[in-house]
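Just so it is clear, A, B, C and D label the chains in written order, and each chain counts residues from 1 on its own.
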Amino acid sequence: MGRIVLKKVTKSFGETNVIPPLDLEIEDGEFVVFVGPSGCGKSTLLRLIAGLEDVTSGNIEIDGTDATAAPPAKRRLAMVFQSYALYPHMTVRKNIAFPMKMAGMPEDEQKRRIDSAAKALNLTDYLDRRPGQLSGGQRQRVAIGRAIVREPAAFLFDEPLSNLDAALRVGMRLEISELHERLATTMIYVTHDQVEAMTMADKIVVLRAGHIEQVGSPLTLYREPRNLFVAGFIGSPKMNLIEGNAAAQHGAHAIGIRPEHIEVSDQSGEWQGTVMVSEHLGSDTFFHVQDTGLAETMTVRASGEVGFKHGDTIFMTPRADQLHRFGKDGLRLP
Amino acid sequence: MARAITPRQKWTFTLVAWGIGLLIFFPILWTILTSFKTEAQAIADPPVFFAFDWTTENYTTVQERSNYFHHFMNSVIIALGSTLIGLAIAIPAAWSMAFQPARRTKDILMWMLSTKMLPPVGVLVPIYLIFRDVGLLDTRIGLVIVMTLINLPIIIWMLFTYFREIPVDILEAARMDGATLREEIIYILTPMAVPGIASTLLLNVILAWNEAFWTINLTADDAAPLTAFIASYSSPEGLFYAKLSAASTMAIAPILIIGWFSQKQLVRGLTFGAVK
Amino acid sequence: MRFIKSLAGAAASATLLAAPMTLAETITIATVNNGDMIRMQGLTAEFNALHPDIEVNWVTLEENVLRQRVTTDVATQGGQYDVMTIGTYEVPIWAAQGWLVALDDLPADYDIDDLLPSIRDGLTVDGKLYAAPFYGESSMVMYRTDLFEAAGLEMPAAPSWDFINEAARKLTDKDGEIYGICLRGKAGWGENIAFLTATANSYGARWFDEEWKPQFDSDAWKQTLTMYIDLMQEAGPPGSASNGFNENLALFQTGKCAMWIDATVAASFVTNPKDSQVADKVGFALAPDNGLGKRGNWLWAWSLGIPAGTDSEEAAKKFVAWATSKAYLELVADKEGWANVPPGTRASLYANPEYQKVPFAQMTLDSISSADPKNPTVDPVPYVGVQFVAIPEFQGIATAIGQQFSAALAGQITAEQALQNAQVLAEREMRRAGYPK
Amino acid sequence: MATQHSRAAARLMISPAVILLLAWMLIPLGLTIYFSVLRYNLLMPGDNPFVGLENYEFFFTDPAFTGAVWNTVMLVVGVLIITVVGGTMLALLLNQPMFGQGIVRILVIAPFFVMPTVSALVWKNMFMNPVNGLFAHLAKGLGFEAFDFLSTVPLLSIILIVSWQWLPFATLILLTAFQSLDSEQLEAAEMDGATGVARFWYIMLPHLARAITVVILIQTIFLLSIFAEILVTTSGGPGTASTNLTYLIYAQSLLQFDVGLGSAGGVFAIILANIVAIFLMRMIGKNLDL
């Protein structure tokens, strides 16, 4: 349960067209991540699905029925907000119980679900606290708990991890992934962080200015970015994009090569440049290289043992099978 | 500021502040003291501060002349009634303006506030005639209506500023959780805004309690609140300072006590969200 | 309309907003906050003993507020009051408008013929009494016998303004906080205008000539106002521009005034040892004259009237009859002594040997008798009234002019300017009102 | 959060307030405008004939008119200056560490709770009365002549009384504003070499701007229609020295019972109030980012 279909959905605020006609199918049980730079319309899209905003035109179907005009409460969706949106005047227990109370669920059933959700989320000891007394991660879990107990058709996450610190974020990422494995419920997850998208998604939807740039599994997007935008957006550090002669040699308007697909040497190579900064992460080292005559800065990833210093000359050779070629229109060339 | 100050500075501040505080409070203190004096002591020169024969006879005299509790109850009913009805009307309105702002929202708010600037004397006669025709003269319900209307803009504005501080996410969460609009307002918005609502309530009770133009002009006796009670002391009858003081003390004491006890909420209420 | 009101009442009681339910008939009485009225209020229980089925509600207000409230109510038929305290100014005007219930069926023992003729005339329109006088008053001089003695002065029974001027200056001791004379200075047609109009009469001034032309540019007014302001500046208390009857009463009672020219009704208060520090040192004299045959005393009666359209007419009449009856006088005498009965309404009171012992009784009667509302001043006038002009426009004009005179007393403008302004104001208002009619 | 649903709900929920206030404004306003073109005196019942703008002519040529406008402005501006300046200084003082701060705050806030009529009565009789008032006693005790406040400086006296009532309001709001000032800002300014005065002027005062705006807005709303204090203390006098517009209209419509004239005055006052309102709203709009 939880198949969501968007048909020719558009959204305008006054004169501003935020989402041009857009079609999207989300299969039952899928973990879909909407990713894109800020202002790309991904949150708006999520809110359209949630029913918090009206679509300007088009249809939204949930499980085969047209939900375009249904109020949020009737769509059987649960949402986890960026700010957690916990009710500050209620205890954790009451926060989690609230949707069930609104649905008029019997008390004992409510209690059963609260207990099981609390157990699953490690919240049992905090049930009688107020949100203000919890840490950020705990609040996040309460928000998730509140979403789980409804047993919704789909979960909607609106940048749920952006208010957490880096370490917590990694932990919560895992928890959400595990949750998805366990519940096998459709999840739609909005983020601007492509690492989250890559690690969690079954399917990634890359958005730019309301347009879908590409839909596909994380590895498809990584390996075969449909256009320059996706190529530049997915992957960390970013793909090196080169125009001009070097590209023309490969019969393309632009070529892209990921930092990890470049061999380095202090002797010889296809390209040559000067190391400006080297970032040692221990396992890996990133070199930011200038004066290559190709792009302003190239990023190269090498193993931790390779040691170049500021000012050293570095030689680079791209792996031919990992070279991405793009045409004048920005689209990938076969 | 974090820097420590010397005890000497602290004592200086204490003395100056207490001096000014007592000076500002003095008229009230003096009124209360005078209310326990005899009329002759009340005008004694040089004035006596504490060394007089304390008497409660003024209070007895005042009570004999007009039934204090009747007027007191009227004040309570009018002040509380108008504030509660005002809140019931203002909460939905403030919700609309805070969470569904439209292009005209700001103008509507400003317009509402500007109705507060209409000079009451300019419209007394029309209102009087209307009240006469619908039989609302000298009724508590009539005064509750007028007080509600004249304070409504302030109530709405104050609530609006509080509501705007509430993250809209939380209301959306409630909506996602299946709450209807009514449930959203009752279970989520109102409890979250309790401090703001409390201070709005307080300020408006004070304003309604002290309103003296409409309350005097639209009542005779049945619905006359304490402002009318005090009006019969507004010119002297022979020696009257002590009696005036007693009546004044009786009129202001309830609201003074309430005000003091709820100072914190009130301060918040008075700031109109201008001060974070 | 009452029906709607009771309906509203019923609806209100459902929402806890209604007044306590009462089975008795309720009448609401509007009164002034002066001593005699407050005493009447204190005697409510006595009335209830006679009429247990009538509940009495009191609305006691300061004079200006009272006047505004009752006038608004009666003119709009608001119906908030069943008995109103009004004066000789309002009664003829209101009766002519049909706003008052005629009191032509008072019980026989009320003895309407016992009312003092000048008072009764003022409350009668077309042969019908429209309000019952609660107390009547003229004005007279009250003075401190001890101070006069100490200064070697003797107050004549009928003093002239020259004497008053001289004595006042002589008696003034500003360091000792004794002021030669206290007079009304507070703006208001019932306050300074009442005093100054009566005084102007003794100087031969009038408000309007027979063509209704305002006369404030006359010499007589100039003399009056100049005399008044000079006198008050040299021998009056500070702040006299805001002193009305009640303020002056307080000053006199605390021994700050050597003389006070004001309502005869004040006599009982200044001689009451309970309130007055000078109770046993007060003498009385007629209001002063200026040798022109008119004295500067007024005539007024605070009276109880019943607005037309009240739904408790019978109960209201019962109350009015009770409060202005002979029995009421006896009741007050019984409780508070003869000196404290409301004066100036009944001939029988002044014939009562007990009352004749009261020091100010005869002087009050003489003062009242000497006032003539139909011929208030030396020259003929088109209006009735000693210290007022019984036309509806008077209140407005007099209020504005009262402010001018008060400003002159406070030293903000000169007497000439005040009179000039008064003339302009009066001409303006009379033009607006369409006089001469 | 804007669906058709919620927008419709919003319109529905704001409508009672809007309708009530609209009725409260339009019905009396309509009647007032209607009365203002009639010759309508309560004391002279009759057919109240239509007289066009005659009432306005009489209102604007009333000798007290110019003075009343001036007094209205003086009253509002005078009280605003005293309360804002006094309130700022008092708030600055109360923000310092001291013993019994809570009690001092209670003392300072008290006048705000006092009924205007009561405070006017108390000030007039027990303090400013030139014979028995406390100020008179004080002056005499020091060997001076008693000063007659209400007849010598009536408007100033009223300004003082009203300021006493509103000073607590200004102080409290400004105090809260001071307390919310980030102390690091002040420390940074101190590091930058700013003196005490400079810190007040460049750091504290700008921080207070919003609070001061609120004080000005709210007080102006109430000060424009100051009435009880004048009625009780001076009745607009001596002369018309302390008559403001509200009192002038009161005198015309309820002392002279000239409803027509009073209504013309009412219409003028309403227009004036709206001009002030628009002006204030502009200011608020800027400082309160509504």
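In the analysis below, contacts are C-beta pairs under 8 Å (C-beta built on N, C-alpha and C of every residue); 3 or more make two chains touch, one makes a residue touch a chain.
Everything numeric in this text was worked out from a predicted model, so none of it was measured.
Student: Which chain has its C-alpha centroid farthest away from the centroid of subunit B?
Tutor: A
Student: For subunit C and subunit D, let me know how many angstrom lie between their CA-based centres, rounded off.
Tutor: 36
Student: Averaging over Cα atoms per chain, report the distance between subunit A and subunit B in Å.
Tutor: Going by mean C-alpha positions, subunit A sits 54 Å from subunit B.
Student: When the centre of a chain is set as the mean of its C-alpha atoms, what distance in Å lies between subunit B and subunit D?
Tutor: Computed from C-alpha means, the inter-chain centre distance equals 16 Å.
Student: Starting from the mean Cα coordinates of subunit A and subunit C, work out the distance between those two points in Å.
Tutor: Subunit A and subunit C have C-alpha centres separated by 89 Å.
Student: At least two partner chains per residue is the criterion; list those residues in subunit C.
Tutor: 72, 76, 250, 254
Student: List, in ascending order, every residue of subunit A touching at least 2 other chains.
Tutor: Those would be 52, 71.
Student: Indicate the residues of subunit B shared as contacts by at least two other chains.
Tutor: Only 43, 125, 129, 172, 231, 233-234, 236 qualify.
Student: Write out all the pairs of touching chains, ordered by chain label.
Tutor: Taking the chains two at a time, the touching pairs are A-B, A-D, B-C, B-D, C-D.
Student: Flag every residue of subunit C that touches subunit D in the complex, lowest number first.
Tutor: 64, 68, 71-72, 75-76, 93, 97, 177, 186-188, 237-242, 250-251, 254, 256, 392, 395-396, 399-400, 403-404, 406-413, 421, 424-425, 428, 432
Student: State the interface residues of subunit A toward subunit B in the complex, per the touch definition above.
Tutor: Those in contact with subunit B are residues 50, 52, 71-73, 77-79, 81-83, 85-89, 98-99, 102-103, 146, 150.
Student: Taking the touch rule as given, give the residues of subunit B at its contact with subunit D in the complex, in rising order.
Tutor: Residue list for subunit B touching subunit D: 1-2, 5, 9-11, 13-14, 16-18, 20-22, 24-25, 27-28, 30-31, 34, 43, 45-47, 89-90, 92-93, 95-97, 99-100, 102, 106, 108-110, 112-127, 129-130, 149-150, 152-153, 156, 168, 171-172, 181, 206, 209-210, 212-213, 226-227, 230-231, 233-234, 236, 241, 244-245, 248, 251-252, 255-256, 259-260, 263, 266-268, 270-272, 274-276.
Student: For subunit A, which residues count as touching subunit D in their complex?
Tutor: Checking each residue of subunit A against subunit D gives 51-54, 71.
Student: Per the contact definition, I'd like the list of subunit C residues that touch subunit B in the complex.
Tutor: Touching subunit B: residues 1-2, 4-5, 7-9, 11-12, 15-19, 28, 30, 33-35, 38, 41-42, 57-63, 65, 69, 72-73, 76-81, 244, 246-247, 249-250, 253-254, 269, 275-277 of subunit C.
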